[in-house]
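There are two complexes below, and they share chain A, which is joined by chain B in the first and by chain C in the second.
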Partner chain A sequence: MAANGEALTSGGYIKHHLTNLTFGQHSDGSWGIAHSAKEAAEMGFWSFHVDSMFWSIGLAFIMFFVFRKIAKGFSIENPSKIQLFVETLFEFADTSAKEGFQFKNLWIAPLALTIFCWVFLMNLMDLIPVDWIPELFIFLGVDYMKIVPSTDINIALGLALAIFIMIVYYSLKEKSPIGFFKELAMHPFSAKEFGVSNTGVQLVINLFILYPLNLVLETVSLLAKPVSLGLRLFGNMYAGELIFILIALMFSQLFTMTASGFMMGVAGGALQLVWAIFHILVITLQAYIFMMLTIVYLNQAHEHGDH
Partner chain B sequence: METIVGMTAIAIGIMIGLAAVGAAIGIGLLGGRFLEGTARQPEMANTLQGKMFLMAGLIDAIPIIGVGIALYLLFASGLVDPVALKELLG
Partner chain C sequence: MNINATLLGQTIAFFIFVWFCKKFVWPMMMGPIMERQQRIADGLAAAEKGQQAEEIAKKEAEKLVSSAKSQAAEIVSNAEKRGNSVEAEAKDKAKSEGERIITAAQAEVDQETNRAREELRKQVSTLAVAGASKIINKEIDDKAHDGLLEDLITQLKAK
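Presenting the complex of A and B:
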């Protein structure tokens, strides 16, 4: 397990499984793969998590080609099993998009389908036993390999950032910049509701006290949307992956070539299985929630205010 | 130096503990309401269940973010094992 001279301690094992394969500029200026977590940290901003990108973009292509093949070979007379499965996925995403989104925008349903399938595929990588692929890549000479892209905070927040850009774009487009700013400034407090009758006084109170307060509150809640969207996915998958690692760690130290040691190994395997089965629910649920919230947020972005 | 390690360990314990309490109470209430709803209208069980899972995911979103940060502090931040902390402090 020692990638490059790291002592095989429990900390080393955990640290190994949590570091990404990062490509970036070494301290001496040459570009290359970081050989240790410290080196990767020193690479600073311009360092790329090659493994997360490889697995996430690879899964995206797999998904894209499967859908394309099904769409091309679509037949009503004798649909293949895969086609039926893709149809159910399609209808699932389509109905959720229709329920949650009441405006006319052709991007939303395909976006919902893509998000659900891609995030689900990325999460699905977590069910592969935690040691297999990193071990294989160590055998092939690659030091680190984190195969679950959604446990990489950059991927999770990257997805959320893309959704945030769409939210802001559609807010500005549908509500017009003034409308969007009005919505941010006028909610939730306004002097009229506090029983101030005189319009002059109302204007003063609104402009100097309530509207700045509203602006702060509304911008915070606007920024909280993508952050919570991304961190929710990251938190669930990171904690899930870590528990797989901890179970493996806990039972591997007890695994010796004696009968009781062997029993410990079996017990470890059983516990991994139990956690994996529960994790199947978490994986689908997180993908579903990511999709539903995207639809709801974009729906809010399209709403014309009552002003 | 030891206080940092000690404080971080306590912080991690509190974060994960409170997250567990929050999520447990939230989902306990949710489950109870769900059972009441299905008891009152059994034919709504299916749609209610869908909504319940959605809400369960939303309820333990913030706690799991807390747990995620606590686990980051524990494993990846190097604030807990003295060796890495010595490097961090230089």
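Presenting the complex of A and C:
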């Protein structure tokens, strides 16, 4: 479990489980895999979490492979159960996109499907017992293996960044750059609403006080959308993963071969079960929230303000 | 927990997957689903139409049956009337024919009787004349009279 000198302590165990397999440039200039959390941190921005990327892309491949396989064998008259399940997913994404999005954009429904299913699958990895796959990879000679991509802040924020790019893109496209700027600057405050009737005074107050203020406020709220979107997913999944790791630590007390250790192990088993069942709800809910908020944000990006 | 290029990698991967989904997965799945929805809608519409047609046909059939019934009743009553009249006519005809035959027969019988009677009278008179002439010719002879009379009687009987 411990790689390169990390002692088998609770702290070391947790730290090991929270370290990604990182590929980047070592401090001596060579490229390679980081062998400790410290080395990984030193690699700076231009390094990759190989495990997160592998699992997230791998899950997407599996997902699309299954979908295409089902689609190829699609039977209108006599659908199999798995086909009906996949159909339900598609219809769910379609319905969500239709209900939450009032404009005509053929990308929204496939986008919603991709987000919901992909995020769900990434979250689902959380239900695999925390030691199984990392231990397997240690056996194969790989030091670190974090299998839940959504507990990696890069993955969560990467998705959110993509959503942000789309928000900005559609805002510029639908409202024109000037319209988009107007929405940011002329909202929510304007001198007219404060009862200033003289147009000259209105202009001065607007230009020098209210519009800059609006711009700051609206920019913050615009940026808060993707940040909150990403951090919500990351926070929920990271916390859940951490609790799974802490529960797993309780099992290790079994090896002390004492009565208290035994009790801890049993309690750990019970907690593991309860938390895993609860987590089924959490992972689905987080995937759903991510999808719904994306639809809502993109809907807002399409909306023309009434000013 | 380091922010690094994984973030960009995930963003790019996300765009690629969304594009892939839109181009190669979504239409493959939604096409047949839509087709099925269309089929179901068509089927329901057809069923509705069929039901309406059935109702119309039922009404039509009922109408036909009732009109046929009334027609049949009319035909039967007509036939009855006709039969009655034919029977009466036939009876009348038969009666009159019978009467006619009877009167004709009666008349023939009468005629025949009269003729026979006339004939008889003629013969009796001839016989009487002949007998008288014979009696006058052969005179009175009991045996001869008896033989003559008997001869006369047999002659009469034969007539």
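Here is the rule we go by: the second predicted complex is superposed on the first by the 294 of 307 C-alpha atoms of A that agree within 3 Å, B and C clash if a C-alpha of one lies under 4 Å from a C-alpha of the other, contacts with A are read in each partner's own complex, and residues count from 1 in each chain.
Basically, a contact is a pair of C-beta atoms (placed from the backbone, for glycine too) under 8 Å apart; a residue touches a chain by one contact, two chains touch by 3 or more.
The structure displayed is predicted, hence computed values, not measured ones.
When the two complexes are overlaid on chain A, chain B and chain C sit side by side with no clash. After overlaying the two complexes on the shared chain, residue contacts for A:292 are found with chain B alone; chain C is out of touch.
Touch criterion met: A:228 reaches chain B, while chain C stays clear of it. Greater residue coverage of chain A by touch, when chain B is weighed against chain C, goes to C.
By the document's definition of touching, neither partner reaches A:271: not chain B, not chain C. Once the two complexes are overlaid on the shared chain, A:158 sits against chain C while remaining clear of chain B.
Look at A:118: by the touch rule set out above, it reaches chain C but stays clear of chain B. Look at A:14: by the touch rule set out above, it reaches chain B but stays clear of chain C.
When both complexes are overlaid on chain A, the residue A:110 reaches chain C alone and has no touch with chain B. Between the C-alpha centres of chain B and chain C, as viewed from that of chain A, the superposed structures give an angle of 110°, to the nearest 10. When the two structures are aligned on the shared chain, A:239 is found in touch with chain B, with no touch to chain C.
For the overlaid pair of complexes, the smallest distance between C-alpha atoms of chain B and those of chain C rounds to 7 Å. Across the superposed pair, chain B and chain C both touch chain A at residues 18. Chain A contributes residues 18, 20, 22, 24, 40-41, 43-49, 52-53, 56-57, 60, 64, 67-68, 70-72, 74, 76, 86-87, 90-91, 94, 106-107, 109-111, 113-114, 118, 149, 152-155, 157-159, 161-162, 165 to its touches with chain C in the complex. Every residue of chain C that touches chain A in the complex is listed here, in rising order: 1-11, 13-15, 17-18, 20-22, 24-26, 28-30, 32-33, 35-36, 39. On chain B, the positions that touch chain A within their shared complex are 53-54, 56-58, 61-62, 64-69, 71-72, 75-76, 81, 87. Within the complex formed with chain B, the residues of chain A that make contact are 11, 14-15, 18, 38, 228, 231-232, 234-236, 238-239, 242, 285-286, 288-289, 292.
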